[in-house]
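Structures given as structure tokens follow.
One chain, chain A, appears in both complexes that follow, with chain B as partner in the first and chain C in the second.
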Partner chain A sequence: MNQDSFAEGHSVIHRIDPRLRLVGAVALAVVVAVSYDFTTLITALALSLLLALMAQLDLRTVIRRLLAPILFLLLLWAVLPWSFKGESFLTWGLITLTRPGITLCAQISLKTIALMVTFMALLATMTVDTLGHALNRLRFPDKLVVMLLITFRYLFVIEQEYRRLLRAMKIRNFQPKTNLHSYRTYAYLIGILFVRASERARRVHGAMICRGFSGKFFSLREFSPHPWNGAFCFFITFSLILLIILEWVV
Partner chain B sequence: MIVSPVVLSLKKICFGYPGGQLILNDLDFHIHAGDRIGLVAPNGSGKTTLFHVAMGLLKPVSGTIEAFGKVRKKEADFVEVRRRIGLLFQDADDQLFSPTVLDDVAFGPLNLGKTREEAVNVAEKTLDFLGLTGFEDRVTHKLSGGEKRLVSLATVLAMEPEVLLLDEPSTGLDAATKEKLIDILNSLDLSLVFISHEFDFLSQTAQHIYTMENGRILFDKELHLHTHQHAHLMGQQPHKHI
Partner chain C sequence: MHISEGVLNGPVLVAGASIALAGTVVGLKKLELDNIPQAGMLAAAFFVASLIHVPVGPASVHLILNGIVGLLLGWAAFPAILTALLLQAMMFQYGGITTLGVNTVIMALPAVICYYLFKPFIHKTHRSAMIGAFACGAGSVLLGAILVAAALMFTEKNFLEVAGLVVIAHIPVMIIEGVITAFCVAFLKKVKPEIFM
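Then we have the complex of A and B:
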């Protein structure tokens, strides 16, 4: 698992207060989500690319992470243009591509890519535990923060457990085939994983109680002031105003 | 000789996991202040279960638990017990649930109502004491097995308990780290109970060795001199066993 690969950089963005990045990303997401004007959406895309550039994200990794959403978008492009009712754009035998269908597809594609890139630049550049602490400081409910942090922590343990089980199967010469034995073995594997995870949860809860846990989450993280914080605020505010003007005023 | 007060006493405890037979059967166990008790018993004889019952994590079917002069029954009674008794879990991955070492070690002190600075202070002091200086920002799941054990011990010690229950603290440690652990344990001014399968370790840390049989504790088995076979580096050279 290598989810933290973006989090390890040292760019300008990495140094900005995680709380500001979190708030900025959410604000941009809200504005982009309710915008439909193409100028606005293209501007948003350009801004997201600018942020990615500032965060010095590795282009190849960005593209790799965009593959899944792009596949989903291709599916939309395959279905929406002809199934949507409206003024026809192109008729081709029995199939009619409608103008509203194509417009909708283009809007969804632009929004998706712009948002994904923005989130990669602003949020994927912090570790999950930093995100948890930032959420805590923004008065997010303790329960959710603890859940996020513990899920993140035990994902690795469960993955290790999974690998151990898989190894145990392999050294006894298990070869996956399409037969009942293979299916049953995989079913056992998954079953055992669930049992172990729930046993683990019980013990971890015990360990937390032993150390006085009563549902309250305390964060130790200090988010130190940084001269770039102000500049970042200005940049995000400016972007938001620009997008809003493009969408609703012009 | 002055008899020191009893800090924890389990009387006539019976416990079994749901649908299973009794693991603890009419068990009696007392810890006096300043005791150093080693517990040796075969796998599956219920040592871990005993510790969890003592901490109130598992509820006995019958019997009474008395800690620090009071009978403890309800969940609320155990809050104080858990503050004053520290339990080191058998599996360090159960104990270390925070993303970084500092977060984890400070978790207990913060729950006890310490301020951030105080908690960080205690955590750093504890880490220094265990020779883990510089581990603060390490990610817990990326530590080695031995490092996890020591950090787990730090998380328990940071709560400044009066009694320590250690579930196989020496398992998986190399010779040097084990020596270090023995020194640390011997320098602590606490009541200690440790589970271990290693006689070498116990003979250097424990005053009494107890064992378990049929769900009960057998007290004060004297250490016997015995001959044994085992592999050694430099096995040719003379060496000492106690």
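Then we have the complex of A and C:
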């Protein structure tokens, strides 16, 4: 797991209350996801880039993270323009590209990138444990928050376990190929990961019981007030109103 | 297996989020306090195992493993998969906010369905456990691919070709998942049979 994440940083966005960022990101995402007007989508993209600039995101990492969705978008651009039924835009021998097909591809592309960049700027700029505590303050169920935090805590432990097993396999000259032997080996590797995870869960649970775990999650994290919080609220509200007016009023 | 942000329309996103919410509520309700570390740890193992790429000819596919998560967790597969997806979104931005619900349903609903269909086979003879596990692994991927296709089709009728491509692309994955789930279940039955509670 490459760890060059956006979570560490000292930008304006990093200092804003995670609860506000979470609520703001969800609200913006919901509005953008149901918009189709090009003015709205381009405004949303501009806003997301502005947020990314404010969060001082590393441009190269942003582009690398966008590669997977861009590959999917390329698939859409390869298929939709000719398979979509509608008014023709361009005809090339047997192939007809339709106007609604191209429009839809452009809408989806703008939306995808705006949504992803907003996510990176507002949510990926906090660590998962911060998200857990923020969810707890927003009254999400304790069980879910505890589960999220346990999963995050032990993800890296289990990943190291996996790397260790993989190294042992390589030292014994395991070479993955398309055959039953390779698949069986991978199946056993996964099996032992589940077994060790389960054993570890038993020990961790024991330790939690010893420390008096009763199901209630006590979050000791303090989200201290910051002068930028108000400005951020204003900015998000303004953006939401602007997007809604552009999409549904104008 | 997931749908990226910005593709689906409002009604499909809302439907996905509602089903995911309902599934998660049931899952959390059925998940006893003492089993939370178990579910969290298995969600972590699921996350790590889904990073494994297995070779298929010259290419490679990454495993989904929702079938085995269903067998191990039952309804708790909903919160476990939701958690894993949330972590993937936070750490690598695979997926995002608006598609979180739909993507949870795409993987967790087949897991729960396969749990009910194939769990009874696991405790039988070695042979029927292997067959049941193969069907569980392959079936959960197939159902997932069908749900992806359905989400795309309900968004836009003209997504037919793309939806077809998605299902076809998952056929090799189905077979591999089936084989791996079968061996994995056989292994778990030998090493730690009490894991299938």
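Just so we're on the same page, the second predicted complex is superposed on the first by the 232 of 250 C-alpha atoms of A that agree within 3 Å, B and C clash if a C-alpha of one lies under 4 Å from a C-alpha of the other, contacts with A are read in each partner's own complex, and residues count from 1 in each chain.
Simple rule for what comes next: a contact is a pair of C-beta atoms (placed from the backbone, for glycine too) under 8 Å apart; a residue touches a chain by one contact, two chains touch by 3 or more.
Small disclaimer: the values here were computed from a predicted structure and weren't measured.
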item: Touched partner set for A:Asp129, first chain B, second chain C, both or neither; value: first
item: Touched partner set for A:Phe152, first chain B, second chain C, both or neither; value: both
item: First (chain B), second (chain C), both or neither touched by A:Arg200; value: both
item: First (chain B), second (chain C), both or neither touched by A:Val34; value: second
item: Which of chain B and chain C A:Met208 touches, first, second, both or neither; value: both
item: Touching partner for A:Met116 - first (chain B), second (chain C), both, neither; value: second
item: Comparison of chain B and chain C by chain A residues contacted; value: C
item: Contacts of A:Phe218 with chain B and chain C, given as first, second, both or neither; value: first
item: Intersection of chain A interface sets (partners chain B, chain C); value: 128, 149-150, 152, 154, 157, 200, 204, 208, 214
item: In the complex with chain A, residue positions of chain B that touch it; value: 52, 55, 57, 79, 82-83, 86-87, 89, 91, 93-95, 97-100, 102-103, 106-108, 110-112, 116, 119-120, 140-141, 155-156, 159
item: Footprint of chain B on chain A - complex, ascending; value: 127-129, 132, 149-150, 152-154, 156-157, 200, 203-204, 206-214, 216, 218, 220
item: Chain C residues within the chain A interface of the complex; value: 4-10, 13, 24, 28, 31, 33-34, 36-45, 47-49, 51-52, 54-57, 63, 65, 68, 72, 79-80, 82-84, 86-87, 89-94, 96-98, 156, 158-162, 165, 176, 179-184, 187-188, 191-192, 195
item: Chain C-facing residues of chain A, complex; value: 1, 5, 25-26, 29-30, 32-34, 65, 68-69, 72-73, 75-76, 79-80, 83-85, 100-101, 104, 108-116, 119-120, 123-124, 128, 131, 141, 143-144, 146-152, 154-155, 157-159, 162, 176-178, 180, 182-184, 186-195, 197-198, 200-202, 204-205, 208, 214-215
